[in-house]
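Next come two complexes, and both contain chain A; in the first it sits with chain B, in the second with chain C.
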Partner chain A sequence: MRKIIITALTAVSAFFIIQSCSKSGSSPNGGGGDKGNSFDRKAMLTNWETNIILPAYTQYVSVTANLDAAVTAFNTAPDAAKLTALQTAFKSAYEQWQSASAFDFGPAETATFRANTNTFPTNVSQINNNIKDDVYNPNLLVNLSAKGFPAIDYLLFGVGADNTAVLAQYTTDALAANRKKNLAALSAELKTNAASILSAWNGAYKTTFLNADGTDVGSSTGQLVNQLIQDYENLKNQEIGIPAGIQSLGTTFPTKVQAYYSKESVKLALLHIAAVQNIYLGKSAVGDGLGLDDYLIKANATYTDGKPLNDAIKAQFTTSIAKLNVLTDPLSDNIKNNNAQVTAAYAELQKLTVLLKTDMTSKLGIAITFGDNDGD
Partner chain B sequence: MKRTLTVFSLFSVVMLGAASCKNDKNPTPDTTPKYDVPTTYNFANVDFSESTTRLGMITEMQNIMKAATVAKGTALDVAKLKSMFTNTGSPFATAAYNTAGINLKDQTAPLFQTDFNRFVDSLNTGAASGKDAAKGVAGWGVSSTNASSKFLLTAAGVNYAQVFNKAIMGGLITYQIVNNYMSAGIAESVDNSTVVAGKGTAQEHNWDLAFGYWGVPIDFPTNKTGAKLWGSYSTQVDSGYKANKLLMDAFLKGRAAIHAKDTKTKQDQATIILQAFERLTAAAALQEVKEVKESISDDIQRNSRLSECYGFIYSLKYNPKRKITDAQIDALLALFPKNFYNLTLEDVNKIRDAVAAQYDFQAVKDIL
Partner chain C sequence: MPNALRDKLSAFINTPVNIAPLAVLRMAFGGIMFISTIRFILKGWVSAFYIKPILHFTFYGFDWVRPLGATGMYVLFALIALAALMMAIGLFYRLAAMVFFLGFTYVELIDKSFYLNHYYLISVLAFLMVLVPANRYFSVDVWCKPAIHVNMVPAWCVNIFKAQLVLVYFFAGVSKLNYDWLIAAMPLRIWLPANSQLPVIGGLMEYAWVAYVFCWFGALFDLFVGFALLYKPTRKLAYIAVVIFHLATGWFFKIGMFPYIMILVTVVFFSDDVQLRIIGFFRNIFKSQEPNVSTAYKPSPFKIKAIYTIITIHFIIQLLMPFRFMLYPGKLYWTEEGYRFSWRVMLMEKGGTAFFHVKDPQTGHSAEIVNSQYLTQLQENMMATQPDMILQYAHFLAAQYQKKGIKHPVITAESYVTLNGSGSRLYIDTTVNLANEQEGFGHKKWITPFNNKN
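So, the complex of A and B:
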């Protein structure tokens, strides 16, 4: 008996000594439970990488290449048919982006991929200045709001009241040649960026991602969860909340929606939330693999009502999607005509934020490292 | 009995273990006077209300600057700002400040006193134009991601309200702490025997005024309520640079040392504090780099945050005890584009890397 006590004490002491010598790292915030430490995180990372991330990027590379090819075809001999084909290629690329935007860590973070691809509302005067002056420097951060899908959205759908008027901007307009050049530069940039991110993932980062299988700030789970939540907050705020006047005491900004000119904001938001949900569930074309749901179950995470946290999160995804489904495109009109529907959707999306950002991360011991961007 | 013994031996092992981690220096005979160091700044005879008043004056100046951002074309009360700086003509809303008999200007670095007018006049270009801020156009701008964040920017995209905020942290607070309270103010020639009721000895009082300037509650960092300026920033950067504990421990230990006439410990803690304020400035600049990246596509917000970063780096010039040279500060400032609207990601990363290298923050440069 005594031996046992001594051994136990020695073990405890040794633990303290190791603790006192180790560099102070970011220790997961306190709280009971083992935070699912026995969960096979590497298997979850493998599922994400193989079945979700790489397929999303691979598909994205293909659609941006199609878009760029459609721009080249249109620019060579602009006509109504090629404009329509180009608009279709644009829409499918923008739709696929919704499945690729969450992964803004690793190679994507280095390239500020998300900001380079989808900063909206786009800055029309900046775009027009770039066209007028015939200069476009992709490295200037002011051009983040004059490039990517939102800028092309404007160039293909917003420069005229209908397709005849849009086409004229590329044929008879005095700046037609400059405009074609700017459009070509923007679509080429999307294509090139997509290819370089995928090639980085197919290179060294493929194993880097799998090997960083802890939960600290630099771990793959830590980074993916942070980016997933940040991306989800962009959905909630940029795509829905800000246009609906959530931050401005009810003053609405209908033109600030995603895809304002091509008028498929709701469609994109639904694709976006479905992508977030699939990452959470670990769900892909090959089935329902390991995801954050399984991780929470393993950690025995409960919600304030004592029921499993995973159930609360899954239910809130369902409710949020149902509220988004009520909305209709063009969302800008929906905001003007029935903003209560939009703010109701926002309210449900906000509840999901709390579940993911506060409840889930604390149960899993994952630190949120991005700022709230709430100004100061 | 047996239990007590085992617990005791457990502690011995722990203590030995902890001690073995330290770099063993040559043991010197311990002649330090024995005294207790409390865990909160709860000493007898402490009064740092002068520092608190000056921090309050800064807040009122910030409020005047903020008032001009409410809407495009709102006038900036330049005259009031300038009279607040010298506390003339009862400019403050808090009546007690007007009759306090102290002002901000007297305690600022000489260079700050000339910079101040330039900052205010530059800020005013954004208010006076009545235009929307844009590259080459001084004016008023709104964050694209947060409609409640509004700023006045110069034609070069600089928010001088933020440059002022950060510069006064260096040009007043850091300047007083490092140049006065942690040096001449606690020199052996300063009285440390006559206790003035409620204020302590002259040395104690100077130390307390320095603590008051840090802007934290007396039970910091357990309690962070109301931490402002440096107290807020030491908390913001705490994930990468543990300045909260470093500074609090040093302030507590040094104050106890002064009371116990322990000159060596006092000097050691003063050195820790004055060096920490320089590194803290660099850490705060890196924190702003991170915020610049978080608002990378928001031109107005990004320029304002870049102005904060610029202000912190520039403020190093006011620190007479700095290790960084003037040439090195100028080299860091030269990494900022002349016009903030011309910023590239490469510029941001260069600023980050140069500050991190200068202050040995490479390992934490992205998490500060």
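So, the complex of A and C:
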């Protein structure tokens, strides 16, 4: 027995010498000081819930109710003033949605909230078929791209060249009655969905969210981070990349932008990235609370240059926002006239993807996929 | 060969020993594999891993291994579960062990995205199970055909399992003897604080010294537990350590059935007395009587020769596989060349994001690929950090775009990878057209060296 152990020890030390020649970038001192008193994940969840998620949903419920009321008013007696009022109500609802789209887990996931609210580009021929046949079934998969904000965007801004022409579609057009009905159904659906998500959050999910304070796939931090990244990638790809032709061998698709008809694409994208940034920072109307930035600071996470990862992420948010700020609405024209600006913004957004998806999740030890890991 | 050594070797191979450890191992292994397979099916992983994906990352040389379609996969898993159950009760044992080994290994070969060292261990143990007469004692086979009953087997029948498990632990321990694990306490320094919500000990997880304790204890445990299990005076203590260690890691990390598998199969180290007591416990339940005949298992000389050859080759491979990484340049954790099949577990926190670009050389236009249209999230994550998978995916993309009419699509990968807390950095040379690169056992020159900071 002793011989075996001695042989083993010799082999081990030989191996140690060979292996210790190579090491990873993390130094023992830079990795994470012995600070104790842990990062309070539950407090971060509480901050997100109380100061960010619930206010975002509450506000969203209110603006979708306003939108639906404006639709009802318009439908009862369509005129130019009511159309303008309705268009304004639509814009403010769409703007508020940018703050609510990241939370597609829990009640929102069950209701496939994000896809039901904002699938674009919208399918104009499907919308027109629904109007012509006077049928609309919200549960049909094909209607995912004939509902929500993108469909209403078309109905309020895209059915005519200007507001006079749009108004005619709801007054003198042969299908005016059907069109009003479809519009009403779509805005009512937005309103109802919003209300049911908020009530689920105000009910049992409020505590469920706070209690799942681990870091596995099903935990609240895990779900929120996963969905935040997913939502951010939607912003990068759907709102900017795809229209700019990033995925299509040189062919651009200017009409595939978000809010193509109301021409608010850049404004919405800026609101969207600001919402993502606020979730990252834990920032809200009540101030800068606990967020992922504090979590990374606590974990002493460093980036390739040895400086804090949080600094790199914050800097990349700033750069990305600056590049988006260069763009002008209508984004579809910007793509046609100066697509280099758009692809330049995309390139910066891409860098932020790597920081959030790879560096951040890895440093936090957050599980992002199902399945077992290697055991020991 | 000195005589003493030869005698020892001969004793290790030929001494007749009690068969009870084999029967217990058969029940333990078959039983846990049955539960494990059912769990896998119930979790929906058959569909998520082997039915839904469009593309599968096969192992080099095993491209012919394909999933069998939805019905086929479920039938295969049912067959594996049934075979495990038959192994446990010892019904048509050799056939069951063979079916289990082939079925399980086939599934593992379909897609390396889902490779885990403990799946590899299961394949290896199942392979060894095929070679031994574990059904010649306290089994349905004996009940049906009492003539096959034996109570003694040559020592190799039991020792091959002990040797295999000692190797697994020892190599797992050796692989922990490196800078990252011992000096930087990585990746536990990242993983443990993620458990701070656990009751009682959660608060401790934030301290760096706790990570060091875990790392050093883990390394020492892996290095020595196999030998301590072999050595009678330390066996009991070692087994207690096995139970505590595996339960603790099972509690901290999402490692599925692995802790329970190890706790059960290491029972093979126990003495005949303990094994007989275990069998006695089951005999009581089934009111089965120990047959009064005392016979030894004697395979034909031809069979013995064949088995010796197989076992010798097997252990030579087992001894050499973990060292093959030395044939490759660069940092092992970074390149992962020679990483698999070497009992390297829990050593890396590695993550990556990979963007692929396809370029039409005729028009000069290029496009970024949406990976999610071809890969599941798990596959995408695995692919981004493993060069051989990046290459396979690039070849798949080349084929896709050839179908779309681009004759010689240029495929490049831009993957950013972080390893054990290092900041993310470029993993693959973004100028290399991966469509032209071939898979092989050689070093992949287009992997960017780890320390090549940008």
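The definition used in the following text is that the second predicted complex is superposed on the first by the 331 of 376 C-alpha atoms of A that agree within 3 Å, B and C clash if a C-alpha of one lies under 4 Å from a C-alpha of the other, contacts with A are read in each partner's own complex, and residues count from 1 in each chain.
Heads up, the rule we're going with is that contacts are C-beta pairs under 8 Å (C-beta built on N, C-alpha and C of every residue); 3 or more make two chains touch, one makes a residue touch a chain.
All figures in this text were calculated on a predicted structure; none of them were measured in a lab.
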Looking at the overlay, what does A:133 touch: chain B (first), chain C (second), both, or neither? neither
In the superposed arrangement, does A:214 touch chain B (first), chain C (second), both or neither? second
In the superposed arrangement, does A:162 touch chain B (first), chain C (second), both or neither? neither
If touched residues of chain A are counted for chain B and for chain C, the larger one: C
Contact-wise, after the overlay, does A:362 reach chain B, chain C, both or neither (first, second, both, neither)? second
If you stack the two complexes on chain A, which partner ends up touching A:305: first (chain B), second (chain C), both, or neither? second
Pick one for A:350: touches chain B only (first), chain C only (second), both, or neither. second
Quick check on the superposed pair: does A:39 touch chain B, chain C, both, or neither? Answer first, second, both or neither. second
Which positions of chain A sit in both the chain B and the chain C interface? 5, 12, 16, 20, 24, 26, 237, 247-248, 369-371, 373-376
What residues on chain A touch chain B, complex-wise? 5-6, 9-10, 12-14, 16-17, 20-21, 24, 26, 112, 115, 119, 121, 123, 139-142, 144-145, 217, 237-238, 242, 247-248, 251, 253, 369-371, 373-376
For chain C, which residues are in contact with chain A within the complex? 45, 48-49, 114, 116-118, 170, 172-174, 177-180, 183-186, 189-191, 193-197, 202-203, 205-209, 218, 222-224, 227, 230-231, 246, 249-250, 253-259, 262, 326, 331-333, 345-346, 349-353, 355, 358, 360, 363, 365-370, 377-378, 381, 384, 416-425, 450-451, 453-454
Give the list of chain A residues in touch with chain C in this complex. 1, 4-5, 8, 11-12, 15-16, 18-20, 22-28, 31-39, 41-42, 213-216, 237, 241, 245-250, 299, 301-305, 309, 312, 350, 353-355, 357-359, 361-376
Show which residues of chain B lie in contact with chain A when the two form their complex. 6, 9-10, 13-14, 17-18, 20-21, 135, 143-149, 239, 242, 290-291, 293-297, 299, 301-302, 341-346, 348, 367
